[in-house]
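Two complexes follow with chain A in common, the first pairing it with chain B and the second with chain C.
On to the complex of A and B.
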């Protein structure tokens, strides 16, 4: 079965996010003054072949830990949905 | 009311994604051979003050169009949820 994984990788709360701060300042320069706590992360989509959801989820988790995210400073979350071929 | 916006910004389908291709190759080098079509985008979180969901959504959409995304090569989607203070 083919699965579509959507992965969100965010900096941990304790980690400073200068890119987010820069974007927040830029938004304020455009007079969006009601915005706060902008945080920037990564988003990834991929397709993977797996017999069952559980096996797919386990693999996505492993790939995040080993390659896609840096577990020292980043958190990740993901969703898996069945993909049409 | 305080809203939390989660924004996903992805490259349009027609746009080449060399970063995604590099990650796909790296995954294959780690023997994840069942993975394909890796695409990399951006993920943003922010909080904004708005009386109603509709006003908040309209503003997020406008911010994406004006600053956060590049509408020539990127698509964006977002969700708004009520945030606890």
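On to the complex of A and C.
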């Protein structure tokens, strides 16, 4: 079965996000004064073959730990859905 | 003493490092392509600056999985001397040979210019020729040099004296203005626990000739030569 993984990678809460801060300031310059914080991360989509969701999820988890995210500064989360061929 | 200079697609300070070793230090140097896995015969490895694999995903993240890095990890585990400069530092953190991570400069700008760094540990193979607290004038050129490490590891780094260089002003004082990238605790260079792997953001290979504005980078390389001579030379052990 073909699965679509949607992966979100964010900077850990305790890591300063200079890009997010710059965008936050830009939004305030546009008078969105109720914006309290902006954090910028990465969004990835990947398609993979796996017989069961669990096996696919296990692999995506491993990919995140080994390459897609840097555990020193980043957190990750993902969802798997059945993909259309 | 023979130096190996690791070359990834996108490395661009490999020539600078080669020039410094060959023409300034008058020592042997060879380029090592990222597909190589045999590092026998080298006494020290340099991972040069640049933008390996275009900094895709994160700086150093892709280079870390090249065949040569498997050999570099083995080389380091056996006590071999490994110096990562700029992108090389990023690769070494991604490979887990050095603690911490380097990410986007706090001010978001690419910073290219002279910095001053203070030698915080002068007892290493990379700093043995330095005076305690010596201030070195060495340039930086990077967009992702902001060093971060969690509080627990930071405590360990301090305890083990693994923070090797800190950004300071010309008088040797730490300040936000003297820190070119927002690095935690003004950290410019760290080493591994056993002290044979060093990563630094400033470029010592670009500060090896008076003509270029500073010879202070030679302190790092002369330290390596001195360490090698004192250990009795001999390659590949």
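Convention: the second predicted complex is superposed on the first by the 85 of 85 C-alpha atoms of A that agree within 3 Å, B and C clash if a C-alpha of one lies under 4 Å from a C-alpha of the other, contacts with A are read in each partner's own complex, and residues count from 1 in each chain.
In this section, contacts are C-beta pairs under 8 Å (C-beta built on N, C-alpha and C of every residue); 3 or more make two chains touch, one makes a residue touch a chain.
As the structure is a computational prediction, the values presented were derived from the model and not from experiment.
**Student:** Could you say whether A:18 touches chain B, chain C, both of them, or neither, answering first, second, both or neither?
**Tutor:** After superposing on A, A:18 lies in contact with chain C but is clear of chain B.
**Student:** Looking at A:81 after the superposition, I want to know if it touches chain B, chain C, both of them or none. Which is it: first, second, both, neither?
**Tutor:** In the superposition, A:81 touches no partner, neither chain B nor chain C.
**Student:** Of the two partners chain B and chain C, indicate the one touching more residues belonging to chain A.
**Tutor:** Tallying touched residues of chain A, the top partner is B.
**Student:** Is A:37 touching anything from chain B or chain C once the two structures are fitted on A? First, second, both or neither.
**Tutor:** Only chain B; A:37 stays clear of chain C.
**Student:** Applying the document's definition of touch, where does A:49 land relative to chain B and chain C: first, second, both, or neither?
**Tutor:** first
**Student:** Taking the superposition as given, does A:73 touch the first partner, chain B, the second, chain C, both, or neither?
**Tutor:** In the superposition, A:73 contacts chain C only.
**Student:** List the residues of chain A that touch chain B in one complex and chain C in the other.
**Tutor:** 67-68
**Student:** Using the touch rule from the top, collect the residues of chain C that touch chain A in their complex.
**Tutor:** Residues 57-58, 61, 65, 93-94, 99-101, 103-108, 146, 148-150, 182.
**Student:** Quick check: in the complex, which residue numbers of chain A touch chain C?
**Tutor:** Going by the criterion above, the answer is residues 11, 14-16, 18-19, 22, 67-68, 70, 72-73.
**Student:** Under the touch definition given earlier, write down the residues of chain B that touch chain A in their complex.
**Tutor:** 6, 8-10, 20, 23-24, 26-27, 30, 32, 34-50, 59, 63, 66-68
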